[in-house]
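Note that chain A is present in both complexes that follow, paired respectively with chain B and with chain C.
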Partner chain A sequence: MELMAKIAFWIYALIILGGGIVAVGSSSLVRALMGLISTLVGVAGMYMLLGTPFMAFMQLLIYVGAVAVLIFFAVMLTDAHGRGDESEPAPIRQHLFALGAVMAVGGVLSWLIMNRPPASSLVPAEVSIEQLGHGLLESYFLAFELISVVLLVAMSGAVLLAWEKRGKK
Partner chain B sequence: MSIHPQLLHLIIALIAVMAWVGLNALVLVYFERKGAGFIQRRPGPFEVGPQGIIQPLVDGIKLMCKQLVMPTGADPVLFWTAPLLSMTPVLLLFLVLPYGPWLTGMQIDLGILLILAFAGINVLALLIAGWSSNNKYGLLGAARAVAQSVAYEIPLLLAVLAVAFTTGTLDFVKITEGQGPWPWQWNMVYQPLAFIIFIISAVGECNRAPFDLPEAESELTAGFHTEFSSMGFGLFFMAEYSYMVVVASVASTLFLGGYQGPFGSDGWWWYLPKVYAILMFMIWIRWTYPRVTFVQLLNINWKWLLPLGTVNLLATAFFMKLF
Partner chain C sequence: MVFSWLHLAIVLFLLGGLLFGVGPLLLAVLLGPQAKGGDLGMPFECGMRPHGSSWVKWGISYYCYALIFLAFDVDVLYLFPVATAYGSTEGWLPFVKVFIFLFVLGISIVYFWAKGVFSWPRRIKL
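This part shows the complex of A and B:
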């Protein structure tokens, strides 16, 4: 089973990285979105591998089933065939900057992982849905409720912004 | 090299599911056409085999022999991805359905959540199909599919949540065992409103008439699958019937007592009739009611199902605390 887990890890890692590259490099907006979606699916797979199926299913349900679909909806209403100003190839300088940014973050992270590896457990402990529910509504009650307040504020803000635009017309 | 028994079990279950999905599609196509014929006072398929029973199989062969066409200006990668993306998640959904005490592909604590999570991918598939075929009917169909699916998913979740509240679990087997074998012990009796909301939203989620606006043939030719020929269309078609079977199975597990039978006679022989009764009901209403308009469709959802579902959930929580 350990070999299976390793194979699964590499498959998910490839999906995440490949999706990321497509998301950044594709000239078509819809294809870029498909890259983003495959990254999200790959992350869901990683959650599964970490023994948290609840997180994995929620990732799929919310990000792939709802958020990505809504982004797609917004993209679909625009002309997404990649003919805009930004569809031209970027100058070499920008590629160098991008490489530098990747190297800086990646370098720090890989240095940390190489030199200060955290103690890892062989088999991740699976958290049952009951434990999760008790945790969210008992020990982390305040944080849980605060997040809902933040979401409510964001939602009201979005409604307010859309309302103003309609009024000006 | 030896294969891990759990993996072997999963592979066998997946192969069985593939066969089951194909068989169900054939049977349902036959029932649908016969049902339509009966309601419209005509014989339906009649010539191929006795009572036209081989008709779906012949139709399937015809579909496979047709030419695969891709319109110019279509996105080639996404165009061929869409039907596959619509069909493949279905196989996973059947794995967790409890067909009997021992006839479950993979029993997990979060069965319902798995079905909801992977069923959401279908919307994405319809959207990709509509967008990538570079066709205005396809695009309009996709836009309708999204507005409809996103809307009807909410009352569906609320109805499922009400059942999850009363039984305290998301595991299909535990929900089944929480109900009794007799009809008055089913969740349908304790949660009638949730059952009605679930069935209506399920019909909406499956894009079935009277809620089949994404593929309304009189307005949009065929909606999101206008440009798909041969098995491209075939896969969408099979996926639609498979999703029907999935929602009917979920409904019979959550509300109709699942595989439980009286006097300890549990098994798939109780489960399948319940599933097919709901499927027959869906076929019946498809050929009885005219298609609603899009405004009506969204009004039913946002002004009726959503508030009713919320009230039902609050009432359930209230009574759960009270007793």
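This part shows the complex of A and C:
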């Protein structure tokens, strides 16, 4: 099983990297979004490897299921035909800058993980869904109630901004 | 890293789904007659010649619905653990806590109803 976990890790890493490259490099917005979706699926696989299947399923449900659909609708609202100003290839200097930015963040993070590994990095502690639920109902009760208020504000803010019938004002 | 049999089962089902989708495409490439050019690149519209390009701008109603769907999806994320833990709780307090959570979300549905979000208006001022 240890070997299977390593193989799965590398396959998911390849899916994440490949999806990311497609998402950044594709000239068609829809294809770029497909790359983003495969990256998100790969991240869900990483959550499975971390021993948190609930997070993995929620990653699929929310990011792949809802956020991707939301971005698709946003693309459908635009006039993005792939022949716009941004369709010309970027200068090489810009690619180098982007690579430098990625290396800086990735370097700091990997240095931290290599030198200061958390205690749970080798054998992750599994938290069951029921424990999570008890936490939400007892210790983090206020946060749990405030989440619903935050979501209420987010939804009604979107509707308030976009939903104004023509001819009313 | 943890690799369970559940994980392997999910991967196998995903591979099965992928084969189901990619298999016919591969078979079509391998076995079907090859044709290029002509009307093959045309957007398909019930056999008639389509007017304009295939890129159509859609109403913002879709986007609003997707946003509301996303918000309720995030609610489900919190309701799943609470629902599993609810059976082993005692007394009225957990009921009141979950009720407050659902009541606030109910208010948002009432607000959308009053605002006319569910009526799918034809024209919306942007």
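Some points to look at:
As a convention for this text, the second predicted complex is superposed on the first by the 152 of 169 C-alpha atoms of A that agree within 3 Å, B and C clash if a C-alpha of one lies under 4 Å from a C-alpha of the other, contacts with A are read in each partner's own complex, and residues count from 1 in each chain.
Definition applied: contacts are C-beta pairs under 8 Å (C-beta built on N, C-alpha and C of every residue); 3 or more make two chains touch, one makes a residue touch a chain.
Source: prediction; values computed, not measured.
In the superposition on chain A, contact is made by A:Met4 with both chain B and chain C. Of the two partner chains placed around the shared chain by superposition, chain C is the only one that A:Glu145 touches, whereas chain B remains out of contact. In the superposition on chain A, A:Asn115 contacts neither chain B nor chain C. Once chain A of one complex is fitted onto chain A of the other, the partner contacts of A:Ile129 extend to both chain B and chain C. Of the two partner chains placed by superposition, only chain C is touched by A:Leu50; chain B is not. When the two complexes are superposed, the chain touching more residues of chain A, out of chain B and chain C, is C.
By the touch criterion defined above, A:Val64 lies against chain B but remains apart from chain C after alignment on the C-alpha atoms of chain A. Look at A:Ser28: by the touch rule set out above, it reaches chain B but stays clear of chain C. By the touch criterion defined above, A:Met76 lies against chain B and chain C together after alignment on the C-alpha atoms of chain A. Overlaid on A, the two complexes show chain B and chain C touching the same residues of chain A, namely 1, 4, 53-54, 58, 61, 65-66, 69-70, 73, 76, 129. For chain B in complex with chain A, the touching residues are 4, 7, 75, 77-78, 81, 108-110, 113-114, 116-121, 123-124, 127-128, 131-132, 139, 142-143, 146, 149-150, 153, 170. The touching residues of chain A, when paired with chain B in their complex, are 1, 4, 28, 30-31, 34, 37, 53-54, 56-58, 60-61, 64-66, 68-70, 72-73, 76, 128-129.
Those residues of chain C whose C-beta lies close enough to touch chain A in the complex are 1-4, 6-8, 10-11, 53, 55-58, 60, 62-64, 66-78, 80-86, 88-89, 94, 97-98, 100-102, 104-105, 107-108, 111-112, 115-117, 121, 123-126. Within the complex formed with chain C, the residues of chain A that make contact are 1-2, 4-6, 8-9, 45, 48-51, 53-54, 58, 61-62, 65-67, 69-70, 73-74, 76-81, 124, 126, 129-137, 141, 144-145, 147-149, 151-152, 154-156, 158-159, 162-169.
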